[in-house]
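Presented below are the structures under discussion, each in the form of structure tokens.
Presented sequentially are two complexes of chain A, the first with chain B as partner and the second with chain C.
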Partner chain A sequence: MTQATTGPAAADERVARRDPLRRLLVRPELGALIGAVALFVFFSATADAFLQTSSFSTVLYASSTFGIMAVGVSLLMIGGEFDLSAGVMVTSSALVASLVSFQLTLNVWAGVAISLAVTLALGVLNGLLFVWTKLPSFIVTLATFLMLAGANLGVTKAVTGNVASDSIRDMDGFASAKDVFASEVDMGGVNVNVTVFWWIAFTVVATWILLRTRAGNWIFAVGGNADSARAVGVPVARTKIALFAGVAFCAWFSGMHLLFAFATVQSGEGVGNEFFYIICAVIGGCLLTGGYGSAIGAAIGAFIFGMVNKGIVYADWNPDWFRFFLGAALLAATVVNHLVRRRAER
Partner chain B sequence: MRTPTTRGRLLTLTTAALALTAALAGCSSSGGKKAEESASPAGGGGPRLKIAMVTHSGAGDTFWDIVQKGAQAAAAKDNVQFLYSADPDGGRQAQLVQTAIDQKVDGIVVTLAKPDAMKDVLAKAAAAKIPVVSINSGADASARLGALVHFGQDESVAGEAAGQQLAKIGAKKALCVVHEQGNVGLEARCAGAKKTFGGSMQNLYVTGTNMPQVKSAITAKLQADKGIDGVLTLGAPFAATAVQSAKEAGSTAKIGTFDMNKDLIASIKDGSIQFAVDQQPYLQGYEAVDELWLLRNNGNVLGGGRPVLTGPAIVTKDNADQIAPFAERGTR
Partner chain C sequence: MTALVKLTGVGKDYGSVIALRDVSLEVAAGQVVCVLGDNGAGKSTLIKIVAGLHRHDSGTYEVQGEPVAFSSPRDALDLGIATVYQDLAVVPLMPVWRNFFLGSEKRRGLGRLDVDFMRRTTRDELLAMGIDLRDVDQPIGTLSGGERQCVAIARAVYFGAKVLVLDEPTAALGVKQAGVVLRYIVQARERGLGVVFITHNPHHAYPVGDRFLILNRGRPIGYHDKDDITREELTALMAGGAELEQLAHELEATGSTATARALDEEARTLGLTDD
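Showing the complex of A and B:
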């Protein structure tokens, strides 16, 4: 491993070619990938039903429902911030679309568009509050989380008289919207939920932004050190607001899935999910301090989470211990990730 | 039992090696006690069935523990492998039903607290020819979503029974403590109680997940309105809290409640709580599993297309002694 630095070609260590294996190992997502493979082998060996293609499709679907949000959340975390309102924002977004469409008897696509505008505005509001108050994003979004959770219940009850939105299953545009947000695609006999493909697409786009665009450099810069970033001319405030809006966009998409998969929305749902999104990003190699991580890692993190979540059920383990197993598997995956990276960086 | 022949010893060695490998792999999918259990037809006889129950329960809930105990008792009697999973989130509960379908179970027991979330996945269960029975919530949605039978309590009927009990203990002005704002079932209980009570009744909304807050809210209400002489809580733990609140406020209000647990029996016996309206969760678990077994082995369907009521069963000082031992072991 020391060849590269002692060889004659490495007169200046900064321009020396790095060992390709080591270059691979310091990628944020590699530890998570190893963890994912280990878990996959483990569940394949212990759970009879796990290896069926239909089960695998269920696992992928569960992963995608976390993974789509994890894309936005991981970018935000690389940018150095948290969004605790992400979980209930999904519910808010679905409620807006369904209440607007139902109460005004509109084509549901109109509700979808209005919901997009409202949800993005919520994301921008999170960002603006953060920039204006200069409080930690943890506090700002904790406040918006509570406000949204209350508003979800309050508005829904005031408008519909119930705690869930009315069913929009029989309204114009429902079928086509369901095709986009919540349909199942036949892949050689196995039904795969369309969210799986969206999840992959979102991850690819986010990876491209991070690694190939100027905005991507800005994200790493503001997460690494906001003051230095500002000093070299990075628009810190705008970047952070855009990142909050990115989370909101993912929340809108997840909300639309929720709505068109089930036609009604329970106003109290979504609380607590924000932590699962953060967990996915962290397993995938995002640092809690910002400046480091990847969208692919977050996708693998979501896959690990989905695999553990459903693998425990397929393995028929005692459900009382479910969350213990979940926590243990997550701990193991994160530790592996950490060790691999530390070894590689040494 | 057997003489250790060479072949026997070889078998033992192989088994030991296999067991070691299995232990290294974490968990065994073949051999061991599990295989032994599935090989020997126990209790109810018939082929060994695999039945999954998927509920909307949160973790560590007494009520659902009793449901599970009932289901396990029926499973043991009927030679059924019983799988339990739960998630309060509608979408994730639907995913759990999907995992049960993937596992090719012989029957599914499901709660329909969020019927729309379960619609598509229950259609898939029907397509896979897996019979479905619903329990607890969702009596009105059960048949529409393709469930064979529903086992549960009609919340309005139970509320009416509670209202009658309140009137019987001599209350004129009562409080209905709702511990989860926006829960349709709880609202129906209060509405039912109001209908048969006769006196005046108002709802008090409290945050059930925060017990000190529940206590202070009831205390404040009892202090503010000395005329309140009856309190109806909608869950057993809240009744115990209401007793404390009444003491704190110096109120003589009599307390009745929905649901049951072993502490409650003691309170009913000593007179601090007047009555409990039990929906008998044990029956919901037991009957659901047993119904799926009956369907498979004798083609029976209970209820004639209507919900089968598991409650209300009223517990007062008169029958508390009889029920106490069952509550003590956690099945009532």
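Showing the complex of A and C:
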């Protein structure tokens, strides 16, 4: 009998008992999922317009524009870093494509390609600056945020004499690029923006990378404990640089949507959005300290963001309250995440 | 037979701090070499050199007869030198199986992880070392300190380590858990691995060690085979000759002459005093 209490059988019982609860609690997106369902029920009950399919399509569109960025930002956060330049980088990317195509009278697809190269280079630069200076990414990207915000305005004014870029609506390739980045798809009578499908695709790919590839393992490891990761042979610097490049890729995609949705770009746009991306990721269960989170969670976070953003309008409330609700959701999410992490680490 | 790892007259400075001077060490297959010393003696510095985290400033470092100068832990790993660090052995929030394969993930084409294989292998390897984990998906942070060390050791053994370097694996553990880790050290030796076991506890070192290197303020103050030294001598040596003498003087001053003489005597027999 005494044997049994100290043998493996006893250890098994203990594991089995705490197993199901822990399994559930350690899912990073659980809190966000509950929050999303609660908000959905709430707005359905208070705002009649909310349940109309066209309104729902609008909610999904709002969610997708932030959700695409939240994919890259959440992977970076799981990898333990922030990118405060993400918001203005979207604008930079759109400006590069627009100014290059217009000034050189190129097919817009050439501008799209050049913008991809430039934006990825910006992301890699963020990563390299972070690796070289060994400063917190918060500081490094705060610096690149300010520089990009200034350059967006400065370059645009110098080139066009205006704060907005010239319209590229009539240029070669615009129609096909709009199809890819900013068209509406008819889904049984309801128009759904193509970004919604891209958002889902990005989230699926990111989830696959995180959970089923070596790169995903490395992302969790460099965010969870960079020293341990390095000691077992994970290329920490390379992984982090790739994550900054991933954010840049999402920024490029979002920038292309912006450009082909409106044909012209306001150079001062994007400032402040970086926090919304981070908020989506955090509401979705990413820990600010890194090493924990999910792309699906970030997608749910973006969906919550979209629901609150549009739900307030459908409920006929003053939209000024949007930030208030967002703040409350953020607070609730962080408290839940904190509890989850304590449980996971115990 | 050539030593797996051989350090000769190795030294290391951190700026103006002399962390290590003139340290020599040899580990052969199936041998446990214990490195003992008080806090700040330079033990961690020594193993960081062996592990490839730091490069030595003087002396030579040979692996199986070939001089080496590692630029990253990966280089050392590739030569079969695996290091288990006290604090940075694992990523606490990651599942046990992901930790087990971290940095050496098993893949099945296209970068896809072979999750089933890794889960199964982790469970089996741990079972072979006497740890029965039903749920290898739990975050490794939920395991006890001893279990975590054992996972790290099992991992190193599984990935074909020839030399296992353990930095104070027993320091934070209770008596029973320390016992589990010590048993693994013996197991690793029986499998033919060379082990460098760092500790400041002579009672942990003596039962498992074949040879003992004692460091004090970055310098070696003793390098003995087990036959040459008793547990008591090892303990006394660990405490350091100077401290022992000082203690003798203090005791003398307070009147415990008999004890003081005994300590003095012991210091002399150990060759710790100048005369």
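The rule we apply is simple: the second predicted complex is superposed on the first by the 299 of 346 C-alpha atoms of A that agree within 3 Å, B and C clash if a C-alpha of one lies under 4 Å from a C-alpha of the other, contacts with A are read in each partner's own complex, and residues count from 1 in each chain.
The rule is simple: a contact is a pair of C-beta atoms (placed from the backbone, for glycine too) under 8 Å apart; a residue touches a chain by one contact, two chains touch by 3 or more.
Treat the numbers as computed from the prediction; the structure is a model and nothing was measured.
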Mind working out whether A:Q52 is in touch with chain B, chain C, both or neither, as first, second, both or neither? first
Per the contact definition in the header, classify A:A151: touching chain B only (first), chain C only (second), both, or neither. neither
With the two structures laid over each other on chain A, which partner does A:F220 touch: chain B (first), chain C (second), both, or neither? second
Give one of first, second, both or neither to describe whether A:S267 is in contact with chain B, with chain C, with both, or with none. first
Could you look at A:R212 and tell me whether it touches chain B, chain C, both or neither (first, second, both, neither)? second
Identify the partner contact of A:V180: answer first if only chain B is touched, second if only chain C is, both if each is, neither if none is. neither
Going by the contact rule set out at the top, does A:V234 touch chain B (first), chain C (second), both, or neither? second
Where on chain C does chain A make contact in their complex? 51, 53, 72-74, 77, 83, 85, 88-94, 98, 101-105, 107, 111-113, 115, 132-135, 137-139, 141-142
Complex contact set, residues of chain A against chain B: 42, 45-49, 52, 54-55, 58, 61-62, 65, 153, 157, 162-164, 167, 169, 258, 261-264, 266-269, 273, 310, 313-317, 319-320, 322-323
Note: in the complex, chain B contacts chain A through residues 25-27, 29, 59, 83-86, 89-92, 94-96, 98-99, 101-104, 114, 116-117, 119-120, 181-184
Which of the residues in chain A come into contact with chain C in the complex? 8, 11-12, 15-16, 19, 22-23, 26, 212-217, 220-221, 224-225, 227-234, 291-292, 341, 344-346
